[in-house]
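Questions regarding the structure given below will be posed in turn.
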Amino acid sequence: MAMENLKYRFDGGKPISGETAIVGVLGSGNLEVLVEPARLDGACEIEVSTAARGFGTIWQAVMKDFFARHHAGDIRISVNDAGATPAIVSLRLDQAIETFKGNHK
Amino acid sequence: MIYPAEKIWDHDRQRRNRKLERAASAMGGTLRDKVVSSEMAVQLLESVIEPGDRVCLEGNNQKQADFLAQALTRVDPAKVNKLHMLQSVLALPEHLDLYESGIAEQVDFSFSGPQGGRLARMVGKGQIRIGAIHTYLELFSRYFIDLTPHVALVAAQSADAQGNLYTGPNTEDTPAIIEATAFKNGIVIAQVNEMVDKVPRVDIPGDWVNFVIPSPRPHYIEPLFTRDPAQISEIQVLMAMMAIKGIYAGYGVQRLNHGIGFDTAAIELLLPTYAESLGLKGKICSHWALNPHPAMIPAIEAGFVKSIHSFGSELGMENYIAARPDVFFTGPDGTMRSNRAFSQAAGHYACDMFIGSTLQIDMEGNSSTATLDRISGFGGASNMGADAAGRRHASPGWLKAGEQRRIHNPGIPRGRKLVVQMVETFREHMHPAFVPRLDAWKLAEFANMPIPPVMIYGDDVTHILTEEGIANLLLCANAEEREQAIRGVAGYTEMGLGRDLRMVENLRDRGVIQRAEDLGIDKRDATRDLLAARSVKDLVRASGGLYQPPVRFRNW
Amino acid sequence: MDWRKVATQLFPSVYDVKQEGDLLYGQGRCGKHTVAVIGTTNHAEVGAELALAMAAAVLEVTNKYPRRPILFLVDTSGQRLRHRDEMLGLNGYMAHLAKCVEMARRRGHTIISLVYEQALSGGFLANGMMADRCAALPEAEIRVMGLPAMARVTRISEERLAELSKTSPVFAPGANNYLQMGGLDELWEGDLSACLSKALEHADAIDHRRVRGLERGGRKLADVVVNRVLGSA
Amino acid sequence: MTSSYYESTARARIAGLLDANSFHEWLPAAERVTSPHLATLEQPAAFDDGVVVGKGSIAGKKIFIAAQEGGFMGGAVGEVHGAKIVGMLERAVRDQPAAVLLLLETGGVRLQEANAGLIAVSEVMRAILSARAAGVPVIVAIGGQYGCFGGMGIAARCATAIIISEEGRLGLSGPEVIETARGVEEYDSRDRALVWRTVGGKHRYLLGECDTIVPDSMEAFRNAIIASIENGDDWSLQALEREQQLLGDRLQRFGDCRDSRDIWRKLGWPDPDAIAMMDNDEFVAAAQKRCAKQTIKAP
């Protein structure tokens, strides 16, 4: 089971401030998301390491929608994935941003 | 000229009598009234089954006449062969062993469940001939028309020496099978868990039964309808919230059936919490055609449910059911009586809604659980997940669905059943639920079927619910809108990514597609804390200790 | 190797070790030291009774012979895999043994262990691996799980595991791998009595295994990580 | 956030048990101290290698804590994972917090790094005992989905006190391992009622293998932890001699029992089958006179 690494960068986001946050667990069908502050001129960088190969197009679309939802810039997001569905990925990304901003419910 | 009196009108009865005489002499002194010892089961079958007979072997996805199934595999293929088997469900390995030895050659059935893979391989090798894959009601119906069994092998809880049967909570298919067999010159053999002096209640009168065999061990029952609440995900909670707010409340659904699965279990567990908080108690979900799902306990205890009629029972629910006769159908002995044929009919004609899951949906909304290497059949969804076009009586939900349909399909006022397919856009291991073409097509080709095995036809489906939202197909003006509505809730699947963004937004503006936020649902509220029970133990507690789950569902 | 043969080589002058079932208990003379001997034989499956008997032996030595060094002779095929032992709390018996060994150490007993035959996972943790210095004969077998079983559980092919085990000591069975990882202090060859004497001289109560693992290159991270935790804000 | 300990992640447990905002993590996820061995095997490696370590306070008392994440590889112990726990324990010897908390959820050694894992578990055992010998009580909590098995089941019993919930399981060999080795007749791992009455919280409590049994809630675990810290520790030869006696008595009294129900009957439970469904308070009250003497607690 070889891993696949994917990288995305979205420019033009609104810099958000917060504290490094990690949500989720790297277990089957799940993922962990780490959000860190980073000086990226308003960009959002995302790096995904996934055990499920061949879903690059889907990740691209999920991440694009995520960025469109939050427009969050100056953050670096690192994802360890163990075959989560897009629904779970989106949910965790949203939770991670909320936690980063300090208002996770 | 031949006088009418000379024509023979009782060939079949004579044949049955010859079989019974053969059996009597084969059993010799071992026969006590109608009771045959289990050691003599194979000889009995060899004496009453003739080559080419239609043999109905009882077994659904719950109760199985497993001892008789094994006995049938042990008959001498030189004496008993080329049988035409009739079965609700092909579930046990023995069911397929029959074809390898030549004892049987053809089958008409409804569902194949765990044997679906092997069945597909055997069909591929030409070892087995499938007449047709039916819905349950269809198959039972044909027992009374052109597929009447010559011999029925059934399972009961207990019997007395006269052959009166007590089938108890898991009565299931037995009455339908025996009715067709006993009154058309067939022979009925029942395996029973125990012999008693007097059965607790007579579910099948003794004079419809020819032989009873005390089985060396109780018949197998699969606890198929038990879902451990611990395994319900937050995504399923979100979908359940959308179902309740967007569909149950919207149509005031009072009479319904739920498919098996965690999606619908989540809905059941949200009734006393989320639905209650929306003020829906008494307004939705009062009458059910449903197996006694343990996940229903909190809703029943909360007073949501007025009645439940069941296809079969569920292991561990016996005491709970017996203690809730206002809700369940129970006999004078206090235990439940189920009946699959009646409950299927009830689900088809008397329910306003069916909601269930599937494996694949195409762009017309057709859905199927058949995959390339598995012939799985249909289970109960096909009859309940079809509009009852013959229905006449009105109810608010049925009328509203009919009105919505008439917006683009004008015609004389009539209602419409709500048929809801509830799926996550991806199943586990990233298998997409939305596909351009159902695997059923390839399966039909491979197995030489006249039509692809579709579980629920697209024109019967009214709503598709995913974590992305609800698509109301009743409101679609044409096939193109319908396709875009489906794509609009297909998320990141290839079908979803291929949607026409502008059209989908337009459909959303018109309420054809409703996302969680359109329904006023905050996704962050979708946590497992909303579940009325988060574990099987919670269910036991909710039942006041009456529910006794099978050991495999315990974690305490 | 038969335990008697091992004992004869360890204690050439005199030893008095009795075998009772799978349990070995007694003492031997090694140079200037009288050494208490506690051990197992017959590839013992360590169940509740055996663990408790070993603990009793440790407590007896602690009470009767203050500061006398203890040598564990290790030959175990692992913890006993029985429903009954689990029901009775086998882990608790093992832990009790481990605690008794630790107590002995803290009361001045030097603890040495020698794997002379087999040491498999759970049977090894509560005695041999609790020692100040842990040694093995070169032919001894030490492992958690064989590669075929590991391949099944991890779903990594056996071929791949075998390939990787050529360069990595981290998962494959073998005394040498444990040596590299720091789990063993040394392999004893030749004059076993001399080896034991030397070990008794050099033993101390500090757990050096992660440092050895780093020095020997088999376990490069453990020590680094411990030190990072110690040095964190 | 759920109030269930069983359903919570390691991080949620820490947040739920400790005083609000008191937790400070060592080697947090952002430092990416991951397992190189999993990377070699091309398997996913968690940022924290499946264990969270750090310091915080509970009821105002300074404590050090380690929490294993069962969701990542069943909480299995690898080189880094084990070393984080060892580092925390050694730091406790140096810094003398009021207690160390170990929230254990683990199947034991991580097979992908089996040798490193086994040695790490051994190092954890020794480090637990070092902390205790240095006067720092070590409190273990068990109540997660994966139980506490393998070498860590031994390590748990090296601690000062164990708090368990009914859902918690504590043992050495898991039922699947025994079933594989000896057959389903020996131990049917799918008979979950059997599994729970063999290694589950209630049986462990009745046998004296745990100090405290609590309902599955964060609050109950927190209160029990606070009480356990108050109780202090008894690391002494006398305590071990008492334990020797009690464990011997247990073998004599129950050694020939075939099922936990036989043990419970001997302990004076008239209806052992009723135990499973008792809620925690009822069970603890009834168990007052019907449990074996605790091997862990000082008299």
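First chain written, first letter: the chains are A, B, C and D, and each begins at residue 1.
Here is the rule we go by: a contact is a pair of C-beta atoms (placed from the backbone, for glycine too) under 8 Å apart; a residue touches a chain by one contact, two chains touch by 3 or more.
None of the values given here were measured: they were computed from a predicted structure.
Colleague: Among all chains, which one's averaged Cα position is nearest the averaged Cα position of every protein chain shown?
Modeller: Ranked by how close its C-alpha centre lies to the overall one, first comes D.
Colleague: What whole-number Å value describes the gap between the mean CA coordinates of chain A and chain C?
Modeller: Each chain reduced to its C-alpha mean, chain A and chain C end up 46 Å apart.
Colleague: Which whole number of Å gives the spacing of the CA centres of chain A and chain D?
Modeller: 33
Colleague: With chain centres defined as C-alpha means, what is the inter-centre distance between chain A and chain B in Å?
Modeller: Centres of chain A and chain B (C-alpha means) sit 42 Å apart.
Colleague: Calculate how many whole Å lie between the centre of chain C and the centre of chain D, each centre taken as the average of the chain's C-alpha atoms.
Modeller: About 24 Å separates the centre of chain C from that of chain D.
Colleague: At least two other chains touched by the same residue of chain A: list those residues.
Modeller: Where chain A meets two or more other chains at a single residue, that happens at 1.
Colleague: Mind listing each pair of touching chains for me?
Modeller: Touch list across chains, by label: A-B, A-D, B-D, C-D.
Colleague: Of all residues in chain D, which touch chain C in the complex?
Modeller: Spelled out, the residues of chain D in touch with chain C are 24, 26-27, 33, 36-37, 40-41, 43, 53, 79-80, 82-84, 86-88, 90-91, 94, 109, 111-123, 125-127, 129-130, 133, 150-151, 153-158, 170-173, 175, 177-178, 181-182, 186-187, 198-199, 203-204, 207, 209, 237, 240-241, 243-244, 247-248, 250-251, 254-255, 257-260, 263, 295.
Colleague: Mind listing the chain B positions that touch chain A in their complex?
Modeller: Per the touch definition, chain B meets chain A at residues 233-235, 424-426, 428-430, 467-468, 491-492, 497, 523-524.
Colleague: Within the complex, which stretch of chain A touches chain B?
Modeller: Its residues touching chain B are 29, 52, 55, 57-58, 61-62, 83, 85-88, 91, 94, 98, 105.
Colleague: Under the stated contact criterion, what part of chain A meets chain D in this complex?
Modeller: Against chain D, the touching part of chain A is residues 1-3, 20, 22, 25-27, 30, 32, 34, 36, 49-51, 78, 80-82.
Colleague: Contact residues on chain B for chain D in the complex?
Modeller: Touching chain D from chain B are residues 230, 527-529, 534-535, 540-541, 545, 551-556.
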